[in-house]
Amino acid sequence: MKFLTFGEVMLRLKAPGHERFFQSPTLEASFGGGEANVAVSLANYGMDAAFLTVLPENDIARACVRELRGFNVDTACIQYGPGRMGVYYLESGANQLPSKVVYDREYSALSLARPGTVDWGRAFAGVDWFHITGITPAISPGARDLSIEALREAGRRGITVSCDLNYRKNLWNYGQKACEVMGEMAEYVDVAIANEEDVQKALGITSDVAVESGELDREKYRILGNKVLARYPNMKMIAITLRESRSADTNGWAACLNDRERFYESKRYLITDIIDRVGGGDSFSGGLIYGLNTYPDRQQALEFAAAASCLKHSVMGDFNRVGVSDVERLMRGDGSGRVQR
Amino acid sequence: MKFLTFGEVMLRLKAPGHERFFQSPTLEASFGGGEANVAVSLANYGMDAAFLTVLPENDIARACVRELRGFNVDTACIQYGPGRMGVYYLESGANQLPSKVVYDREYSALSLARPGTVDWGRAFAGVDWFHITGITPAISPGARDLSIEALREAGRRGITVSCDLNYRKNLWNYGQKACEVMGEMAEYVDVAIANEEDVQKALGITSDVAVESGELDREKYRILGNKVLARYPNMKMIAITLRESRSADTNGWAACLNDRERFYESKRYLITDIIDRVGGGDSFSGGLIYGLNTYPDRQQALEFAAAASCLKHSVMGDFNRVGVSDVERLMRGDGSGRVQR
Amino acid sequence: MKFLTFGEVMLRLKAPGHERFFQSPTLEASFGGGEANVAVSLANYGMDAAFLTVLPENDIARACVRELRGFNVDTACIQYGPGRMGVYYLESGANQLPSKVVYDREYSALSLARPGTVDWGRAFAGVDWFHITGITPAISPGARDLSIEALREAGRRGITVSCDLNYRKNLWNYGQKACEVMGEMAEYVDVAIANEEDVQKALGITSDVAVESGELDREKYRILGNKVLARYPNMKMIAITLRESRSADTNGWAACLNDRERFYESKRYLITDIIDRVGGGDSFSGGLIYGLNTYPDRQQALEFAAAASCLKHSVMGDFNRVGVSDVERLMRGDGSGRVQR
Amino acid sequence: MKFLTFGEVMLRLKAPGHERFFQSPTLEASFGGGEANVAVSLANYGMDAAFLTVLPENDIARACVRELRGFNVDTACIQYGPGRMGVYYLESGANQLPSKVVYDREYSALSLARPGTVDWGRAFAGVDWFHITGITPAISPGARDLSIEALREAGRRGITVSCDLNYRKNLWNYGQKACEVMGEMAEYVDVAIANEEDVQKALGITSDVAVESGELDREKYRILGNKVLARYPNMKMIAITLRESRSADTNGWAACLNDRERFYESKRYLITDIIDRVGGGDSFSGGLIYGLNTYPDRQQALEFAAAASCLKHSVMGDFNRVGVSDVERLMRGDGSGRVQR
Amino acid sequence: MKFLTFGEVMLRLKAPGHERFFQSPTLEASFGGGEANVAVSLANYGMDAAFLTVLPENDIARACVRELRGFNVDTACIQYGPGRMGVYYLESGANQLPSKVVYDREYSALSLARPGTVDWGRAFAGVDWFHITGITPAISPGARDLSIEALREAGRRGITVSCDLNYRKNLWNYGQKACEVMGEMAEYVDVAIANEEDVQKALGITSDVAVESGELDREKYRILGNKVLARYPNMKMIAITLRESRSADTNGWAACLNDRERFYESKRYLITDIIDRVGGGDSFSGGLIYGLNTYPDRQQALEFAAAASCLKHSVMGDFNRVGVSDVERLMRGDGSGRVQR
Amino acid sequence: MKFLTFGEVMLRLKAPGHERFFQSPTLEASFGGGEANVAVSLANYGMDAAFLTVLPENDIARACVRELRGFNVDTACIQYGPGRMGVYYLESGANQLPSKVVYDREYSALSLARPGTVDWGRAFAGVDWFHITGITPAISPGARDLSIEALREAGRRGITVSCDLNYRKNLWNYGQKACEVMGEMAEYVDVAIANEEDVQKALGITSDVAVESGELDREKYRILGNKVLARYPNMKMIAITLRESRSADTNGWAACLNDRERFYESKRYLITDIIDRVGGGDSFSGGLIYGLNTYPDRQQALEFAAAASCLKHSVMGDFNRVGVSDVERLMRGDGSGRVQR
């Protein structure tokens, strides 16, 4: 079974440790981006995963491809074109001081791409599952058109589609509202992934769940999922992640899954010493896709996704550098952190 | 409105991460010192802040001035004279293991300075607010005389004076008791800042508040403030910080302000993953001076100071590298640490 | 009074910070191993401590000896012989993600050593106390024979023997069961040190205490100690450490001591921000040996050991880089982590 | 006397040491750009130097301004506007392997600026000397127009203008030839600075001097200068730098100056262990401007410039972190590198 | 065209910069080994390159495979088996102080492998060229037998064989002489690669060329090549590298090729600031294999190999991180090290 | 045979790599000082070496002692007293830019010590050779008196005395001229070590040898030595080092020895890529003392000293981390820098 994810991958430049920007003249450089993160998760779990994006032809982009390939992500269908490689700067918060992201992703090669850039026949060859997020259509009209083209092409080929709605308020600035575009995209989606805010902002479906409070109300989440599934009859299921942000270090984490037939809730995790929460949502998507394609029952799939993304919070960088055995140990209830010798 | 702070700035040499001294042959080098820290805070909040000290003429001192100037602190009135640049070595504790400071500040240029070293006319030109601490008079008889000279000169010019009483038991070793000197200095102070121990040791005013227990008793703090204000009729107000030291990582933090008319209490903050608590008190002073000169009501001024110093515990180094928007976000109640994108 | 510890010391290669292996092309290199760790603890407390091992003659082993000698450990009786220096790779976990150790210690010089390698007359000259662990006999038949030879030689000389039973399931793979060997060794031991699992696996003495639950039941530990002491009439006492592993960052820590006459329990410590727990048990052994030889009563000896090992969790590396004053401060109840200036 | 330089400042991201890009996941982050480099040189020599550019309002740009201000560069007239902060990636070569620069400077705030963006009255207030380079007009039509506007405004105010012709072949890609634009700009220039290739490519004035050979032929350089001065009667003088690139580590370095009356040649320096040659030309400009405004005779001015830029090759980063005494020591002939104690 | 290289890959642990072992508690960790280095070179030049070895199943070996895969080396045929991953420690010399390698490669998985471990049908599927070195047969009798088995299997399949004779005196210690084994292996070799010492020690063919003097005598090298080719009629050609070691920093480098018909000599390179010479010979092999399969004439092939290996001396690590364009630039004569912008 | 060296050891704080001070907020921290450096050299060569100094009781001084003890230097006679630990800051030059040392050694514990501080009976117990330098008497009148006391005590015991004259112009500032003090000290010296400037400035014996030119004139050095030996009949020999400083990276290095009977000259070394030349002279002293006590003839002793100090230039830090085999390899003429495997 082959998986393809499509989106932007950026150079990630992080201030060292808990330093604020340029406290030292050093930046920790790695790569990341929602869809690439999902591809790496899948490859780490042993799946046949490919990643599609558009990159400029320079040494920075080549290093990114080298990194992805090292993780066993198939990079053969990556396109090269005019434009830059997006960059994001990251500063790690602690306690009441939030982490901070400064984006420098405008004019990226993907944002300058247009429908027709990608040879979908080649990209989708042998692909069974396609994953996309709400970030890509937000970066430019061209990327939006390309996203919709991708979904149509996937649909035409009967490929299963998962989509992390992923609403980013600062990106939607080319003159169209998120919910106009995401609403259209949602019509192609089999498996939707979102948090409560994404549903509201990306699909315009309101809920009474208070985001800031962090208090989880299962019933509300069930109803919210039902609303989405009612609006999009094509969707087979929607998974909603529940982050309770107590501080930059301490988050509660859980998720639920509504597959029209049942409402599944995962275990709740309390993470008290977050190493890096960027990519936490992507690690959930990666875990869910793996789980749905591996475990016979959906409760297990959801638990795998929740445990995988719980562990991501203990891993530095966008990529979730854990394996199936790490996740399954936690799924089985062993979160004791005893040294593995 | 122009602010001047006066005191010693030192080279700060910290063992990396949580390492103990010389576990690696590397020291993290920055600069700091109570009054310089206050100047940097004020400059970070957009105020016109100057810093006065005496430094030797060498490359290390010049680097310190470059750093301060980068923060937009006016360094034009810094004096150069014989003596060294003080150094302090720092090792970061964790859990039950305390952080450790080894001072090497004897024979500093400031400690060798004498009244007459500073051209007060130039230093105080245009200055509206003067800040000093109980550290400077403790380092040498010369620095003591210079401190008192500064206060007299400020008084003569009608400049508002704030003073962080800051009692350091290991410094007062030139033969005079802290309370003799600080008692005299207190007579020039408009805004006193202290913790409970400072009041007791620097002013000799006792209290029944148990320092070690960390249990806060508002009434006691109100009474303690009243005692100080009664003794020093010149003082317009006294702010007292309340640190509850649970471990090297976890501290409770709050403050109160007694302005003779009202007793204000700040929110209480729990900081569970302290990055660096050195400079925490100074960040309170900086925040309070900013707040008193910015907000119409004193509750807000106190809240700004408490929030600013709460955030300092998440910033590495003596300097509080946060801005007004960071502090106001926390004042408004958002300590959720959600990533700022 | 002179102390000798005997066992393997390895090169320890740790991924930086909380990174997973080879996330950066850098490894933090230090040295460690149960018995060397105990020798360093004793030397740090001012005791006359020597360490015996077998090392290859190369620059890596020489650097290890340099490091030990720096700590004032007497390295004069270290033997040099064929074989490698063992290596262990370490990755630091966080939250629910455990730390991970990858051993590369096969074919070490100690594992290739045989009885006759060591001149016990020279090694034991002037020695009053000998410490060994259950790790050494597990690494090879030769090391097992050498361990038993050492115990016999110590016994012949009337040297007090302490032994940390230290069961490591992955090591016992040369065809003999741990309890066969450890049972024989235990007959020479005056002071046994163990956790509940060690007693069970190394001595085959079962208990009803649930290891994973972390719930401590004093009565059970008293009974477990009694069982061991009953089986081994030579043993004067047994100390049992109680680790409650809540996560990779947060552990409860306590210990008890059964000297046939009384059952002592230490204070319980909660460590919420573990820096490095490798070597935690060894720091307990080092503290206990120091305590038994320093304090008139055993409660104090046990409290010293528990406090010392509590502090080890805040120190990076195998070695417990704390001194008597650090430990005694915590013993006296000051775990507030207030900055020591 | 006040100096203003105008141009783009970028984030400089260098692979550590001699590593190739992303050999380690770390980048050394500093700031640089031709005209900012000149301003820093001037400030380091004690001159009153200001820098004008257009930057986006984000933390990265603010850190850049902090750095410049630390060097005592007046940053008050920096404009903030839409667009990015340019980035350049640098990899240090050695021997026959060249250093490599990857630019990511498109869509920078300066490149998006247009005439009218800058309040020249304010920028030029009190300014006596204005410095610009051939890089700025190359980055976009807007920056070109702004450059010419700047020169006109400077001319109108009788401000002396220096210009480093600085031809960069990869920048001139918006459809106009360098020599069209630079030819126009040259009409405003009092002091031209160039290497042989710049003269040829930026002004279209040919020479028989073989660039690649590195062999210097003074007579040819004199004639080349004469040709330029003949074409531009406004020019008071032209300085030409002569780099003989033997390898990435070893360069010959010298310069000549033609002021219509005399032809001056500097000492020739051989630099065999280059630390960083980026910014070498800018350090020459900075040194020449300082020299022309400080020394009574032009030979000395040229020698200062040549020595200053020789020293730059031993300093990491774009900025020439040396002082007047360092340069004058070398001017006096002491290049022995004896330790200064 | 597909290439396969076979041999041992080790963890390489280097002291930072020019530090001696454990001057800092840090090691720079990468991977390397003669045959893996050749595979990386080929992949960097765009060839379809695979690497065969035997590794243990642990995280360190997995990281090595990830690194190789990132370079686009096909790692699919790597075998996993009992034993360790070899390690080598490296300290960088300078001037008269040599670099130092400490090997810890005994009991590696490859050294414990035996004929029958590798499924040659699968390993050689589609392979056109096979590369091996004199290191592998030196590490153990099993590795020797496996090497000869590999050569026989390659021969049976008509695969072209290249072999770097690579004599390592410290490895041949299992009781057989290098020339007995290498003599047998040489009978399968089409393209031999060696330096003068290798020919002498590995094949027992003497020469009058003085190794230490570094003075090159072409005629002697021609004759030496002829002797080898006369002894081994199967060999189509032999390339000999000529290193003139003036100091740890400065080496002369050149090579010659004798293809029975002609004697080709490469340009001579002087490298005065060596960054890392480990892997220099392997980069020659990689360059030669690429060159012979790419350029129509052998002079060019030899020049590519010489230029590639010259550039390797400017790259840190075993792997030659340069591309075809870098090498061809130097082949064309541009070793000026001018910054590539 | 036991050796004792006496003098000041300082904390050495070096800017990383070739950075200028505070270009990064990091300092490389090690320890060093002329006489400690000699003790480490001797211990590295396997000699029984002790070091005497006065240190404050703090963690920094303790780390220094730990480092020295690791090198097997006997630190038992180190005294603890009031005062600081001296610090020196170091910035590494390159090419024409000199390295720079900023001293912060005033008020050190040694400078505050007085005759009577040291129990010479204990310090000199078993000592055969005593080494001192011209630095110690320069730091304070107390240290001067202590130095002379030491020499008298050594003389009384018939201990051989070596002295590196080591003139430091910036230290002699307490009101006495170097040559007054050093002249007195020279009367106790058996083996004098100096460079040409030391002889002139410390002993007031002039020479016609041009220091700056670097051109060596053997005859002049022979005569200079003769002059010194004529003035001090107690001296058995004088060794003079000849440094030819071509640049911060490239130095010529040689030495001569005049033992009244013969004039020996060492090989001349050219060092083209200096890693660290601080401690170069001390490594000569260490090598000479070793050589004179090891080799039967003085030419060999001198060659050992010259080769040892040549190698020091390739080692980072004050301490010469090379062994006898490293030095003897170079003595035998192998400076080829070939990798030692």
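When the chains are written out, they are named A, B, C, D, E and F in that same order, and each has its own residue count from 1.
Keep this in mind: a contact is a pair of C-beta atoms (placed from the backbone, for glycine too) under 8 Å apart; a residue touches a chain by one contact, two chains touch by 3 or more.
All values reported here derive from a predicted model rather than from experimental measurement.
Enquirer: Which neighbours does chain D have in common with chain F?
Expert: Joint contacts, listed by label: A, B, C, E.
Enquirer: Between chain E and chain F, two touching copies, which fits better, same or different residues at the interface, with half of the numbers shared as the threshold?
Expert: At the contact between chain E and chain F, which are copies of one sequence, the residues are largely different (under half shared).
Enquirer: Based only on mean CA positions, could you tell me how far chain A sits from chain B in angstrom?
Expert: Between these chains, centre-to-centre, one finds 44 Å.
Enquirer: Please work out the Cα centroid separation of chain C and chain D, and write it as a whole number of Å.
Expert: Result: the chain centres lie 62 Å from each other.
Enquirer: Would you give the residues of chain D that are in contact with at least 2 other chains, written as numbers and ranges?
Expert: Expected reply: 17, 23, 25-26, 66-67, 100, 272-273.
Enquirer: Name the graph shape formed by the protein chains and their touching pairs; answer line, ring, star, complete or other.
Expert: Complete.
Enquirer: For a test of understanding, state which residues of chain F touch chain D in their complex under the given definition.
Expert: Listed in rising order, the residues are 17-20, 23, 93-101, 103, 168, 170, 212, 214, 245-250, 272-273, 277-278.
Enquirer: Where on chain C does chain B make contact in their complex?
Expert: Those in contact with chain B are residues 17, 269, 271-275, 310-311, 313-317, 321-322, 326, 329-330, 335-341.
Enquirer: Touching chain D in the complex: which residues of chain C?
Expert: For chain C paired with chain D, touching residues are 23-26.
Enquirer: Which chain B residues qualify as touching chain F in the complex?
Expert: The contact residues of chain B facing chain F are 13, 21-22, 25-30, 58-60, 63, 66-67, 84-85, 87, 89, 91, 100, 102, 104, 106-107.
Enquirer: Contact residues on chain F for chain C in the complex?
Expert: 66-67, 69-72
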